[in-house]
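One chain, chain A, links the two complexes that follow: it is found with chain B in the first and with chain C in the second.
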Partner chain A sequence: MPVKWLLHWQPNAGTTINSQVLTEVSQCVEGINGIKGGRWKSTLSIYKAIARDLNAPLECARDFLGISFQEQPNKHYFILRGQRLVLEADSNIQSIMEKLQSYRTRISLNIEGFQYQLGDFLVKMGKVVITHSENLRGIVMEVEYLPISSLEKSRQIMEEFVDIWQELVSRKSLPGHFMHIEPNFSEYGLSDPYSFQHTAVQYVTVMIQLMASVRN
Partner chain B sequence: MGEVERGEEAEAPPKQVAVAMERLGDAARLIAEIRLGADRLLEAIFLTSLSPHQQNTTTTTITTTTTTTTTTTTTTNSNNKKTISNKKALQLIAKEEINMRQHFQHLRSLGRKLEASGVLSGTLRAQDNGSWGLHMPLVCPDGAVVAYAWKRQLAGQAAASAVDRTRLALKAFTDQKRRFFPHLEDESLSQEKSGEFAISKKLRCSFGPTSSDLQHDIVDEIITERKTLSDILTGLETDAPNLKIFTYQRLDWVKRASSLSSSLTKENCGDSLKDSKFPTFSKLMMGTTGTQELDRVAVIELWVPSVFRAVVSLNPAGSVNPDSVAFFSPDEVGTYIHSRGSSVHHVYQHLTDNAGKALQYFLGTRSHASLDLLFKWMSGYQTLFTKLCRYVSKCSCLLAMDKPSGLLLPPVYRPFQQLPPKQNASSTQPNSAAKDQSSDASHAYHIGCVPGEA
Partner chain C sequence: MECVVQGIIEAQHVEALEILLQGLSGVPREHFKIHELCLKSGPNLGAVSSEVRLLCNLERPEPSWTVRHIGGAMRGPGAEQLSVLVRTTTESKVSKNALRFFYALGYKLDHELLKVGFMFHFHRVALITVTVTSTNKMPKLHVIEEAIPVTPGMQLVEVSAPATADNYNEVVAAVSSFCEYLAPLLHLSKPGHLTGLVPTVAAAAASLMSKGSGQVL
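After this line comes the complex of A and B, so read on.
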């Protein structure tokens, strides 16, 4: 599977994110000959355990994240941050959880936007909104380099792309910048060839950052 | 005019060539019309200079042209055999002048269009050495020989690759002809052994071998200890240990290409291929039937994990004569993966293009060592995603925007013109220069950073 890096928009301290930023960065992509493609969407949910008996200690995880991707509609990925676990499950696990009344969805986020083709790069620019709401919570950018699927071999190229991208965006003098955080994949037991599990872990890292900045 | 030009730039090179050829044809016709018009003017002026008596007797063949500029229906009007008064002549001259002016205007606009599409350029006009060249074959900078200089200039890059493709096609055709119709082999075919055009071969004889050719020949004599397929592949294994070599018979490759999808995850995990159906070259040679199998090898796969997969075809099977080569992503699956196929990724498409040019160069200049040189050159691409561009003053980075195509690409060019031998053990000529060049062999350049090219 081609390597993917996730970048998120970090607004400057004291500023809030607005949709103008999204328009501007989309223009940046088109500026480097990005060809606009179709829409894309991912859904991220934060689950919370439903405690039956308030006094009995919970043996299972208290809360965890679940994410599903448009490219893999029949799979759902769970990430347990505390235990550093990432799990691939069938998509009807969500209905099972509902029926069992074991976990409920505390927050559900939609990440949606357009994708752009830049030669061998595939860029997805998306806004983060709470489901059924229009309030923009964050901007997420996925950069995929189609020819390579090895994290190590693609590192240099991805770094250079991010550098070029950062330079382009900085010319627009927007209140903030894109950030890339490399999660420690080996902690989650993931190896060099890229996979959906890697994407799930990257999303978790991004979400933590976003929630931290929203709180501030 | 700007809109039209922009639209034309988006057309494919063959269309551009066709349009340019059409325009040149129109220009030639206009020039012919202008010449005819000049003739008519001269005749009219000549007639006015004659005495009326002489005018009577001269059979006038002044043709009254129609005002259309394309058709040249000449109607010798019998009425014109009468005396043409000076007034009539003046009228003719005036009409001719209008026509000529129109022709010149058309020609000027055509010239502007040709200039805009890159066919005519300032440098071409400055070259006043008669290289509009209908008489002298021209040797182009990359060694190709063309009969007419302007044909080469026509579509720039497109023409260059068209020449390469034609050469490839010619080579493939002559090889097949030799293989399937050996009884048809005649003198002209034997001259084309190296794959060049017959014209150029005769030229080389007439001008004598150049010093670089001599050097190549001497060098080849010394270094080709690797003459057999087995030697070449063994040598490649030692030179490039990260490269995995697989050999296949022609039909086996088809099976392999379709089985790529199933073994993809295995390869990605970095496990050594336990698939005994397709052993590596070294495992093959360890077996008892290794050398016999090697005689039937027609396809060689070079695989660098996570970097590229290259397919080379040999013709005939078991020989050291490479036929075609193509590069792919190691993750690509499908039956389109073969030595004449094309990758879906731009990076590997460029690699395949360069490989085709390199192959033609090796076959054309040092054909008996071509497979060995090709492999050496291809192994330079192990650093495709790590080696920075060599163009230090301007570039020296990995990813750069390629202006013509508007794509971000790593350095996809590796020079092949001065690929020297690696072993210089017993060479008789000075090898200090050669040693310097051996490090050049794996220098990487972006397409736009290549030294010596526009």
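After this line comes the complex of A and C, so read on.
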């Protein structure tokens, strides 16, 4: 699959994320002749361990993340950050987790928006909202370079694209900027070629950033 | 959900059973070699204690992993009357790091088995699967090369078929009906209620062996 970088909107200190930012950055993509395509959506859930006795120790991961992508509807990904582990499973693994009753979904987030074709690049702008809520929790941007599936071989062209993009956005004088944090994929046992597991790990990294900025 | 019955047969009569199954199903048998790891939740994990099975299919060049959850059996007077067990089962293919994943989630290895045998998949009202399994245990953790039979000379036969809440009655009937064909060789009953060997097995097996394979009933 094509290599993908995940960027997220980092608001300036003292400012909050609002839908106006999403509108402006979407206009930025359209301003460079991005052809607006269909909608896209990913769903992310945070699972928390259920302790039978709250006073007794619990020898397990306290929480983990689950994510599914619209492009890959039959698969689901679980990520344990502490153990640097990403599991790929059929989507009905969620039903097994429910039946086991050892972890429960604490929060579910939808990441959804429109995609834009820019030559060999596919850009997806998305808002992060809690399921059944419209409150904006974050803005993410997926950048795919369609001809290449190697992270290493695409690094230069991706960096150049993101540099140009950052320059364009900075002209809008918005209260924040996009950030790209590349996780250490090798810690998760992931290497080239790029896969959905790589995307799952990038989302975990971004979610940690978003949660930190919401707390602040 | 699935409808399932089980029985046992002596290893010496397995060939006769295979001939019968081949004739009944009209499809070739498939071999399987599965490393099954049964995991149970840690002492304080979960609203209730839970159990999950990891199955590693060793028959393929690249081992593939499946998570299997067997839920509770259908209850009530209606279910008691059925000769077939109806229970919920859910399976999901998973990547090869599934064991590490469940360990991290606080699950512990309860036991592991190496299941070797053959199966027939065919459609007879329902999609029926018959497995004939030799179950082995490992004296050393994960060392499948040193596996030894749990019940030497005895193999487990399981007849199962997927069902839904809407059609399980028809599937139960299809499984029951199919089991009648196997009756001369083995008793099939709900899991946990094994009824032993049948007295006619030797004669039935001899008859099948003398007729040979290839007869589609």
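Everything that follows uses one rule, which is that the second predicted complex is superposed on the first by the 208 of 216 C-alpha atoms of A that agree within 3 Å, B and C clash if a C-alpha of one lies under 4 Å from a C-alpha of the other, contacts with A are read in each partner's own complex, and residues count from 1 in each chain.
Here, a residue touches a chain if its C-beta (ideal position, glycine included) is under 8 Å from a C-beta of that chain, and two chains touch if they have at least 3 such contacts.
Just so it is clear, the structure is predicted and the values come from calculations on it, not from any experiment.
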Report for A:Met179: first if it touches chain B alone, second if chain C alone, otherwise both or neither. neither
Is A:Phe161 contacted by the first partner chain B, the second partner chain C, both or neither? first
So, A:Pro193: does it touch chain B (first), chain C (second), both, or neither? first
Of chain B and chain C, the partner touching more residues of chain A is C
Contacts of A:Ile32 with chain B and chain C, given as first, second, both or neither: first
Quick check on the superposed pair: does A:Phe121 touch chain B, chain C, both, or neither? Answer first, second, both or neither. first
Return first, second, both or neither, reflecting whether A:Leu146 touches chain B, chain C, both chains, or no partner chain. first
With the two complexes superposed on chain A, say which partner A:Ile107 touches: chain B (first), chain C (second), both, or neither. neither
Interface residues of chain A shared by chain B and chain C, listed none
So in the complex, which bits of chain B are touching chain A? 268-270, 305-307, 329-331, 345-348, 385-386, 397-399, 401, 405-410
Residues of chain A touching chain B in their complex? 1-2, 32-33, 118-121, 146-150, 152-154, 156-157, 160-161, 164, 191-193
Write out the stretch or stretches of chain C touching chain A in their complex. 41-48, 50, 52, 67, 69, 71, 88, 90-95, 97-98, 100-101, 104-107
Which stretch or stretches of chain A touch chain C in the complex? 49-53, 56-61, 64, 78, 80, 82-83, 85-93, 95-96, 99-103, 189, 197
